[in-house]
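Shared between the two complexes below is chain A, which pairs with chain B and chain C, respectively.
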Partner chain A sequence: MRLALCFCAVLVSSLKFADAQASVEGRVELPKTRSAPLMTKRYEVVTTGGVLGINPPLAVVYLDGSFPKPASLPTKQVAQKDLAFVPTLLPVQVGTKVEFPNLEKDTYHNIFSYSPAKRFDLGRYRPDEKPVPSQIFDVAGLVTLRCDIHEHMRGLILVLGTPHFVTTDDSGHFRLSGLPSGHYTLKAWVDSRTTREQAVDLKSGSNIHVDFPATP
Partner chain B sequence: MKNLSAVIAIGLAAAAASNATAQDFLDRVDEALTFTTLNGDVRARVSGTLDLEAYYFSGPAPGLIRTTSDALFNPRLSLFVDAQLGDSIYVFTQTRVDRGFDPSDEGAQLRLDEYAVRFTPWKDGRFNLQAGQFSTVVGTYVARHVSWENPFINAPLPYENVTAIEDMSAPYASFLSVGPPAEKYEHNPVIWGPSYATGVSVAGRLGQFDYAAEIKNASLSSRPESWPITRMDFDHPTVSGRIGFRPNEMWTFGFSASDGAYFRPEAKPTLPVGQDIGDFHERVLGQDISFAWHHWQLWAEFFEARFEIPGFTDADTFAYYLEAKYKFTPQLFGAVRWNQQFFDDVTSSYGGTAPWGRDLWRADIAAGYRFTAHTQLKLQYSFQHEKNGLRDLTHMIAAQFTVRF
Partner chain C sequence: MLVVAGLTGAGLYLAQRNAMANLQRDLQRDFQSDLTALHNVEELRYAALAERCGALVAKPRIHAALEDNALDLLYPSAKDELRDIMQDETNPQPDQISGVPHARFYRFLDRTGALLPPPNPAEVGLLRADEETQLALKPLPTTAQIGYLLRGGGTAEETIDEIIALPITSTETNEVIAALVIGFKPLEVVQKRGADEMKSGIWLNGWLHLPALLESARTVVDQEMSRRLAGPEKAETSSHLDIEGDPHLLFFKRLNPQSAFPAAYEVCVFPLKTAIARQRRLGWQILGAGALLLLVGFIASHLIAKRLSAPVAKLAIDSQENLARRKRVEAALASTHEELERSTRFSADASHQLKTPVTVLRAGIEELLRRENLDASVYDELSALHHQTYRLTGVIDDLLLLSRMDAGHVKIEFRPVNLSRLIEEWLDDLNALPDPLKLEVKTHLPSSLSISGEQRYTSLVLQNLLENARKYNRPGGRIHVTGREENGWIYLTVGNSGPPIPAEMKPYIFERFSRGANGEKIAGHGLGLNLARELVRLHGGELNLVSSDREWTEFEVRFRPAEKAGTNSERRT
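Up next, the complex of A and B:
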């Protein structure tokens, strides 16, 4: 009897998986490359040479809607390396725990956010600090990450109510797979002031193409 | 009424600049004021702070604040330009519009306070060469002297307590009448704020050690009018340096020293016959410790200063402060600071020995709230006690609202 129940459970989940095979791909037209960051060194008596890397703009594409919340979510990371956030843009589902490891050689960081979706200040922490400082992002919205020591550092965490999201590549291309069938709104978050959207009709096994051109 | 208006102005500014829309706007201003060439080899950024300060004193205005009133409103706009040219060249300037380098009730001034070019040939920072008009390498206060970084509104006591030393004329017998200077601005502290004098510095990091040395046109105690190269040449330079030890990210220990002539050229006719400006030096030794971990930051600095004075034995003073800052919440922080200064005896060539200043201590307590990443409000209360002074106890209450862009 127990074996039969297990078999049924596997069958049902296989059917659900088969049902969730819709996918969307396309391209988001990204804004022009942002300005390169500049580190302020006026009152640092000793400074190192070199320039900071330029991070190209990216977008996050996500399927808007109401979806069941999973029992557990994987822990994500936003590291600090070479005086920058890695990655600079991280989409997560509501309830996700994000760790902030300091991967520098010998530099303090002090990550904080004053965004309404999450206010926190991790204080100053070393590269080898254990446990790794972390926060749980339990409200949907955009969280801007900053460092109290390095004024130029900026990072973003986009907290979403959906489990279906993906970050584009540098040229704006994306592929979002494993989607449930149904009628939804597909959104492309471009920056704090720009989110584009299109209605999509997803059918089991379908692969549709959606582009998000810049609004004229 | 005037004080009330200043407080209301600060309150309105705080309210207007502290919501999410204002933060978004200031983020966009930040982006718009950063410029780069296509390949990113040349980058420049314009930034700044707008400070609105209000002071109230129970006695004479303390430190370097200049007013005969018991209250003062002091607005200040600071504009910074930072530029990175390739891997090795960094350039910066600071321009201010205010009522004087230190708070005062004078009219508006526009000044270029800092300009410098820095050459960093190696990426590991073992060597930096800098030339221009810029802050001193002595001590650790410089790193947090701008309003956004300083937990307090004023500077620690050694950087602003006016002593009996004058740099524009020899003191003669009046030096031993140790009352509060009638014309405070004719006198000098041990170190005048960040001491933006003109010169050249070298600095670097070798393992756990830092080094820095500078040759400047004016002494640590020199007034802001002495700092530009157009006002003081290099006939009597000041040489300063600091060696730092950083066992880990939490701790730093440093030793500083400085030696240079402190009289301005107009003092020459008042000096004894046969003696020159270069015969009278300010010598400073400094020790500093700082600690930072999680939401705590602690600083301590100790200075032993000696001034050579015509007609007197050397005038020695010892000044120190202990400072702590703690972040209670992501936006609210508090800070306390204990400051003290002691003056030794001097003997006149005509006879007579007396202390050349009044020993004093000052306790500072401050609270700050960051509404956004661009707006901050600080409140400070200071209580100063001077030994045997006309006014033994003085109080100061101050508020400062800062918009950073």
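Up next, the complex of A and C:
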């Protein structure tokens, strides 16, 4: 009986989960790039008039709302390779632990952030430092990563209160799946000043199309 | 004397004025050069600081603090970076590190130019609240600005600090996002030189920081500065100033031209009292020396003048005497000249007046001689008279020529004259005449002996000499004519074997109407030799009696030779 009960519970929960599946796809109209496409794709953080963004542009699309906090979250990584952060822009859910492995040959790094969402200073560390220096990002917001040794290095971590987010490809296309049904606001983060949003009505099993045109 | 004294006085006055102007110019120049040196040092300081701040601003932590909205972390981040700039009271270090002097304080200005208050003022240099507000710069400057900050104004610890505001530019956007203001003890200026005389300080916002001056003097300088600066703004200037009755020289120059901070001036006060006293002393010395020199010069010149004037006085007397003598001589000369003129005129008139009656006389006698019924004795008598008329004509001609010569009316036209030919011609004429004396004539002449002269007068000379040689000869006697060129002269000697000229007569033979002792028997009028000599002398030559002894009398005449080029023209005539 207890076994049957357990089974039922699992079944119900799995069914419920399956029922709730919804997906959104579309395109975020990205800012025009000023520079010609590069041979080797390499993103960098740029500041224009005090606004931080990525060049070539990328956007993060996420479903805003309050969701139950999961028991455990996967650990993410922002590596340092060739004197740059990889990836340049990392969206994470609040509470995510991010490791900062140094993948250079023999260059020290000192990753720190003065951003209000997360202030930390990892100190200097070598490649292959064990354990890999890491931080847990528990406040939503935009965190600028810097290296105290290499002043030009910039990285962004977008800490979100939702588990449903995705980074667009460089043409702005995205696809979010496994979303719960209900009324939500779908947001597209473009740069530190620009976040576009659209109200979405998600139905179980549905796949809707949402575009984020550039606001005139 | 008065002029010399006046000039000296003027010279002294000018020299003094010049010295004063020089002093002022020198002081001004020193002041300027000191300030220039100061500015150069300051520029180096700014360059070092600017470099330092550039590096500071490039620091990711400062950048992060300014750009990532973490201003609370700005001072803590800067503290480590600026540790070596800040003066450390507890641990004194060398005054400067790599050209950057020790700062007394620093503050950051935010994007708007407002001061960012430090969380722990003790770490960045304590400032009073009113002092801190003076550091703000709105809007933020884009270039480094120099200013001065009065600290503890009016208190015993009153100082002026130099402040430098350095804009902090975002490395990414090139926008000025903040500024760093650093305060230093200002560099010392002009203290090294004339410290006892020259006093220097800083005038800032109507406040004179010059502790070396007394309060009352400061007020005077303050007023003067306010007055001078109220006018059109000048970067630098100087003026005279009276402080408590003593003249002073005031220099000032803006320390921070074109700065966004309030204007500050370097002010130097130089008392002229000692300089003027020194100058006055010098002036008196020069004046004394000048007066002494003048006195010595006066005495010396007096002595010299006295010595010089003695011969001059004597000269004056002498010249008076000379003048009188000269006037006498001139008068005598004038009367002589007059007499000569009169006599010349007389002989000329006489000659002319005589010539006509002689011609009439001769014509009458010739008329009588043409009569056919004359007695032989009458005819002879008339013939003798006729002959005498010719002699008279000759005398008159000679007198006429002589009088013309005396009057200076005879001018020789120099041309080449062939002397040899003249003599040959005369000898030919002689041979044609009846010769009762049977004379032997010898010539020894070069083929062409040319002299420079006028032919009619030259031939007259020759004629006289040769005629005399013939006339005064003895029967069967000799005449010897020789010519030669010697020492640039042409000599012609005419010798004859006539009776000697008595010794007592020799000095007079060239005088007019003088004739030899035996002259009475011989036709002549005693003018020939005189005429010949006068004519030779007119030619620039000379006629002399060489010798006259028992058997031989010889005259020598010398002429200038004809110029070689002239011989051709002579040959043509």
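Operating definition for what follows: the second predicted complex is superposed on the first by the 194 of 216 C-alpha atoms of A that agree within 3 Å, B and C clash if a C-alpha of one lies under 4 Å from a C-alpha of the other, contacts with A are read in each partner's own complex, and residues count from 1 in each chain.
Note that contacts are C-beta pairs under 8 Å (C-beta built on N, C-alpha and C of every residue); 3 or more make two chains touch, one makes a residue touch a chain.
All values derive from a computational prediction rather than experimental measurement.
**Student:** Can A:R146 be said to touch chain B (first), chain C (second), both, or neither?
**Tutor:** In the superposed model, A:R146 contacts both chain B and chain C.
**Student:** Looking at A:I54 after the superposition, I want to know if it touches chain B, chain C, both of them or none. Which is it: first, second, both, neither?
**Tutor:** first
**Student:** Given the touch rule stated above, what does A:R124 touch, chain B (first), chain C (second), both, or neither?
**Tutor:** Once the two structures are laid over each other on A, A:R124 reaches chain B alone.
**Student:** Among the partners chain B and chain C, which is in contact with a greater number of residues of chain A?
**Tutor:** Counted on chain A, the partner with more touching residues turns out to be B.
**Student:** According to the stated criteria, A:S192 is in contact with first (chain B), second (chain C), both, or neither; which is it?
**Tutor:** In the superposed model, A:S192 contacts chain B only, not chain C.
**Student:** Figure out whether A:V46 sits in contact with chain B (first) or chain C (second), or with both, or with neither.
**Tutor:** In the superposed model, A:V46 contacts both chain B and chain C.
**Student:** Scan A:Y114 for contacts with chain B and chain C and give back first, second, both or neither.
**Tutor:** both
**Student:** Do chain B and chain C land on any of the same chain A residues, and which?
**Tutor:** In the superposed arrangement, which is not itself an observed complex, chain A uses residues 46-50, 112-114, 116, 119, 144, 146 for both chain B and chain C.
**Student:** Using the touch definition up top, name the residues of chain A that touch chain C in the complex.
**Tutor:** My answer: residues 46-50, 112-116, 119, 144, 146-148, 150-151.
**Student:** How about chain C: which of its residues touch chain A in the complex?
**Tutor:** 58-61, 63-65, 67-70, 73, 170-173, 175
**Student:** Under the definition above, what is the set of chain A residues touching chain B in their complex?
**Tutor:** For this pair, the touching residues of chain A are 34-51, 54, 106-108, 112-114, 116, 119-121, 123-127, 144, 146, 192-193.
**Student:** Which residues, counting only chain B, touch chain A once they are in their complex?
**Tutor:** Contact set of chain B toward chain A: 20, 23-24, 27, 31, 34-36, 40-41, 43-45, 47, 80, 82-84, 86-88, 90, 92, 94, 114, 118, 120-125, 128, 134-135, 137, 142-146, 201, 203-205, 210, 212, 242, 248-250, 292-297, 327, 329-331, 370, 372-373.
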